[in-house]
Structure formats: structure tokens, C-alpha cells
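Both complexes shown next keep chain A, but they swap its partner, so chain B is in the first and chain C is in the second.
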Partner chain A sequence: MCINKNCLNLTGPFTMDNWLKICLVVVFAVATTGNEEASPAKLLFSKQILNKYIVEGMDIVIKYSLFNVGGTAALDVQVADNTFGPQDFDVVGGQLKVTIDRIPPGSNATHVVVIRPSKFGYFNFTAAEVTYLPSEDAAEALVGLSSEPGQGAIVPFKEYDRKFSPHLLDWLSFAVMSMPSLVLPFALWYSSKTKYEAILTQKKDK
Partner chain B sequence: STCSSPSLSSTSFTTQDGTILTNIAYVSQFKLTCDGEVADIPLYAEVGGKPLSVVKSKETNSYVVSWLEETKKAPRGNFEIKVYDDEGYAAVRKAQRNGEDTSSVQPLGVVILNHPGAYNGPWINSELAAVIVAFGVLYYALTTKTKLEA
Partner chain C sequence: MTQKQKALSKEEEILLQDFSRNVSTKSNALFYGNAFIVSAIPIWLFWRIHFMDLLTSSPLFLIITCLSTYLVSFAYKKTKFVLKHKVAVKREDAISREISKMIAEDKKMNKKEKDERVLWKKNEVSDYEATTFSIFYNNAVFLAVVIGLSFFILKSFSPSFNYILSVGLSSGLIALLSTGTK
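After this line comes the complex of A and B, so read on.
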């Protein structure tokens, strides 16, 4: 086939038929793989403990963060943290099982829960679970796990109190106990001083 | 789906011991009723211009908002959490994009959270106070002694 003296070599394997077939194959390949913007939602989930010390009977602050790195919004995101049993921990703020309707692509969601341990000892802080639909017409929900903060020591309250409380009662009793050795000599001197001064003023008046 | 005659009821919690925490947590749990019925519509919340994630608790049929502040900088007092529905929040975002004041958009409701302040340890270490008192007594004794000897 020739167009303005530029001729396609249509002999051998390069017949018009074959060219058409090749073109169709190429177009089909591009059409199916080129559509990258609708990549399904994928959530990154982190769980952090924001405590300097973990003490029996005192607050533990847990921060859960979800970030959607996919191309579509994650729907019906259900976060459940089943690692804090009710016999060992009391939930005082927030909820351990929550649902987020929608996390748009490229955005994050955070949730804070405050709990109090009722027992001391070593505790392994393990992962929380999340289930979500990666797209609107997804057949199955995806399940993910959060990061694990690892093992932590829940310190008994007595130990924490011994280290960190101001011990005001102890200082007061120390002051009371050290009083005798200071106050007694002072009282003796003061009484003789006033008597001496009284005598002096009497003499002066005379 | 707009909410007519919305009413919010809330409970709040803030952590109050700052000595063992790196961040203070502010958590507010609230229920929304539209026309007397408990509602389940998507909500958006903002506190002090900062957007908050609103999560739902199916077990208690309520919404929870929460945020954190560093212990040293955690402000105390009343915080106004403005709750918006879909339309309201879209209006807020539009106002932000145009650089207008977002307080012109009427929120669905306002939830007040009170943080009485976190305990960050005593003002003076008790050991330091004891040393100061001891030095005070010593100073008094020494000065009186020198006065007598003079």
C-alpha cells in the first residue's frame, strides 16, 4: 500500500491482515492495563501507646491511625481492638470497637482510646483488627492488622508512688522528729535572753 | 438526608495525669437525635478550626470524636466541637477554599468538652522545699550567733 510515494512493505508476515491483528492486540492491551486511577483502597493501620510509664490503675492512651494509600475510598471501615480483655482493663474514654463510614483516598483517620489496667505485670500489646470494603462494588471485605506496640511492663501502683509522689507526710514527720534537737536549745537560750534583757531594762530605769 | 430539629447529648473524658503520658487525650462521645429518633447519618466535626475524625460506635449507638495534645502544651478549659452534616461540611470547605470565615456556616450542633487541666507534678519538688527550709533555719541560726558574738 502506498501513500505519496511512502510504501508499506506488505509482503511476507507483514500483510494488511496481520497489521490489523497486531493493532487490535496493542489497543486491547493498553485499554485493560492503562486504567490505573481506580486502584482499590488499601489502609495502613498503626497503633501507638502514648505513655512514659504504664502504671496499674492509671490511664493508658492508645492512638489508632488509619491511612488510605489506595486510589478509591475505603468504605465501612470497622476497627476492633480485642486485645484488652474486660477483666484486665477498664475502658474510660472512647470505644474499642468503632466504625468509620468512609476514608477518602490519600487521607487519614485517627481515634484515641483511654484504658486503665486493673492488674500489674508484663503485658504484650498486640495488634488490633480492621475490616473494610476496598471499593463500592467489592464482593469481600479486606481484613488488616495494626502495628504491634510490643511488650510493656505495667508497674504496680506502690512502686510508682514510692518513686514519684511528693512524700509530703514523710517530710512532715521528719520535720517533727528533728524539732526537739533544734527547738530545745533555742528555747533555753531565748528564755534566758529575755530574762537578762528584762533585768537590764530594770537597771536602766533605776 | 438533612436532620431536622437536631439535638446532641454528650459525655466527655480527658486524661488528667500528665506525669506518665506524652500526650493528653480529649474524647467526646455524643448521640444525635433528629426529630426525636436516634440518627445514623455521616457527620463531620471541627474543633478550633481543626478537622476531627468522627467514628461511630455501633454498640452504644453514638459518635466519638477524639484528639491529642502534647502534655506540656495541652490547653485547659472549654472546647467547642462543631458538628456538621454533609451539606454543612461541604459549605465549610467551600468557605475555607474561598478564604471566607467559616463561622458563618451554621453547624448542626456544638458539643462542649471541658478539660480541667492535667496534673503535671508538684510546683516545687518536696526535697527542694525541705532543703530551702533547712537553709533558712541555718541562716537564721548563724546570723543570730554572729550578732551575739559581736
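After this line comes the complex of A and C, so read on.
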């Protein structure tokens, strides 16, 4: 039995070091390319209200974000938000139902809608829905829900205007109305005062 | 009654008028009219900026405006009385010179008549200046305090409460300040 390196013929290019390197390369290649089946598409869906104040009759901007954390592209992605009824909200810009053909793996897509509430009060902002095919040969579409922004107060326009509007015209009108009560008595007093002070100064000059 | 006594009583009358707190009917009308106008002005602010409904709040507006009118006119009268004497002292010289100049050519007028005329003119001028300055000063303080209270100190209160307190306290404050002797 041959046990020394002469018997194994470990000379020339086939040294122990070289064999080790070759083995490592083969193992690495198998690990990275050996798996032929990628993970199906998986979408993370968030719904955000970008406004600081939600006011009756004023625009609310809603941002929907989709992240594909799977290994395959998500196909026929359909986003639908049925939480804003036409009796309470008007759609000012964008659409509440949108189709995105494809979201590649590791990428994201965003969609923005602008709506306007027609009434004030408390409103529960609930989740929007998304359906998509996780792979090309998927038989069934997957359904997902977005995050929920939660309950928000839609402030009456009067309250908002009272707090934030500069009311420049109203203040100007107030100033115009107050002027006669202030300017007129002052002017009358001042004219009499200057008249008699002038008499005194005239005498002093003489 | 002799002429001298008549003249004296006329002088006394002027002096009494000078030191009296009572105002004439004309002054009263002027004071109440001005007080009503200045008390009604804040209604505009509360209607347009605090969004108080004009129709539903009209009884409140009426009551508070009437109360404020009374207090503001009270302030006018008291302030006028205090100012009148200060103005009389200041204008005495100028008025006597003015009268002297006016009656320089009239040699029939004696010293007593001249003094009487000076006294009357002094009363008239000091009354006029004290009235106008009292109205101006009290209006300015009233409006400034109403704005300060309603938009800074009481802004978190409900509009009705804000109105009652800001107008009520402002008119009360100027009435209180007017009772000072200086």
C-alpha cells in the first residue's frame, strides 16, 4: 500500500494546494448555479397618507408602495383600494384601481392617488388590496393586503381656516373700521394741542 | 340781584362746571355714540375670523355690546374728568394770551370781564381736549386689549366664550383704569 505522496503522484500541476483550490471552485459553482428553481414573487405592500392635516374639502395624498422581495417577477399586479366610497370622497387625481404588468424581483413600484373628503369626522383608513401572479406558470393569483394607516380625524374646514388662514382682507377691513374711532379724536385733540403750544412758543420767541 | 352778584354767580357757575363730574347732554350723546361704535367693532373679528354665526349669536352680541357700551362710556367720563384739570393747567397761559390778543382793542372790557372770558375759554378748551383725548385713549386701549385677549390668551377657548371674556374684560379693564386719580 502506497501511502506517501510519490504513490499518489502529487507532483507538477496536481499538488495538494491545487487540488484543494479545484475542489473549492467546484463546490462554489454547484452552490450558486446548481439550484434551478428561483423563489416565487412575494410583494410587500404599504399604504401611506402623506398629509400632515386631513381637512374637509382639501386634498389628501395617498401613496401605495409595492416591494418584490421574491426571486421571480410578480406579474399582472392589480392594486385596488375600495375603502374610499364615492359618497364620502372624490378622486381628484390618479386612480383607485391600477394594474402593473410586472414588478421585477428586488425592485419596487409606487402609485399615488389624490382624493378629497366631502365630509368631516373620524374615518378609519383601512387596507387596500393587491392581487398578482407569483410566477409565469402560476395557476392562481395571490391576494395581499396593504398596511393600514388607521383612524384619522377629518377636520372641518372652518376649524382649519380659523387656525391657519391669514385673513388679510378681514384684518384690513377691521383696520379701516377702527380708523375713524382712533384717528378722528386724535386728530382733533392734536390740532388743538399744537395750536395752543404754538401760541406759547410764539410768545417765547418774541 | 345786583350785576356784581350776577357776575359772581356766573363765575361760580363756570367754576362749578369745571369741577363737576357731570357731563352735558351733548357730551353724553357723544360718549355713548362712540362707545357703542367701538364696542360693536369686535363683532366683525369674531364673525369673520373666529367664524361665529351672526344670526345665532346675535343675542349674545347685543348683550355684550350694551354692557361694553356702558363700561366704555363710564371710562370716557372718568378719564375726561381727570384729564380736564391737567389740560386746564397746561393751557392757561396760552389761552390768556389768546384772549388778551383778541380783546386788546376793546378798552371797554374790564379786568373782571376779561378774567371771566379767560376762565370760560379755558373751560371750553380743556373740556374739548380732555373729551377728544379720552375717547382716543380709551378706544385704543380697548381695541388693543380685545385683540390681545381674543387672539393670544383666549385663542383656545370656544368663540362664544372668547367673545364674552375678551370684550367684557377689556371694557371692564378700561373702566377700572379710569377710576384712578392720576
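Everything that follows uses one rule, which is that the second predicted complex is superposed on the first by the 146 of 206 C-alpha atoms of A that agree within 3 Å, B and C clash if a C-alpha of one lies under 4 Å from a C-alpha of the other, contacts with A are read in each partner's own complex, and residues count from 1 in each chain.
Please note the rule applied: a residue touches a chain if its C-beta (ideal position, glycine included) is under 8 Å from a C-beta of that chain, and two chains touch if they have at least 3 such contacts.
Bear in mind that the values here come from a model prediction, so they are computed numbers and not experimental data.
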Chain B versus chain C as contact partner of A:N51, first or second or both or neither: first
Chain B versus chain C as contact partner of A:L182, first or second or both or neither: both
Partner chain(s) touched by A:Y122 [first = chain B, second = chain C, both, neither]: neither
Partner chain(s) touched by A:E197 [first = chain B, second = chain C, both, neither]: second
When both partners are placed on the shared chain, which of chain B and chain C touches more of chain A: B
Partner chain in contact with A:I100 - chain B first, chain C second, else both or neither: first
Partner chain in contact with A:H167 - chain B first, chain C second, else both or neither: both
Touching both chain C and chain B, counted on chain A across the two superposed complexes: 167, 171, 174, 182
Residues of chain C touching chain A in the complex: 34, 37-38, 41, 44-45, 48-51, 91, 93-95, 97-98, 125, 128-129, 132-133, 135-136, 139-140, 143
Interfacial residue positions of chain B with respect to chain A in the complex: 13-17, 19-27, 29, 42, 53, 55-60, 64, 66-68, 121-122, 125-126, 129-130, 133, 137
Complex contact set, residues of chain A against chain C: 158, 161-162, 167, 170-171, 173-174, 177-178, 180-182, 185-186, 188-189, 192-193, 196-197, 199-200, 203
Chain B partner contacts - residues on chain A that touch it in the complex: 50-55, 58-59, 61, 63, 79, 92-95, 97-102, 108-114, 160, 164, 166-168, 171, 174-175, 182
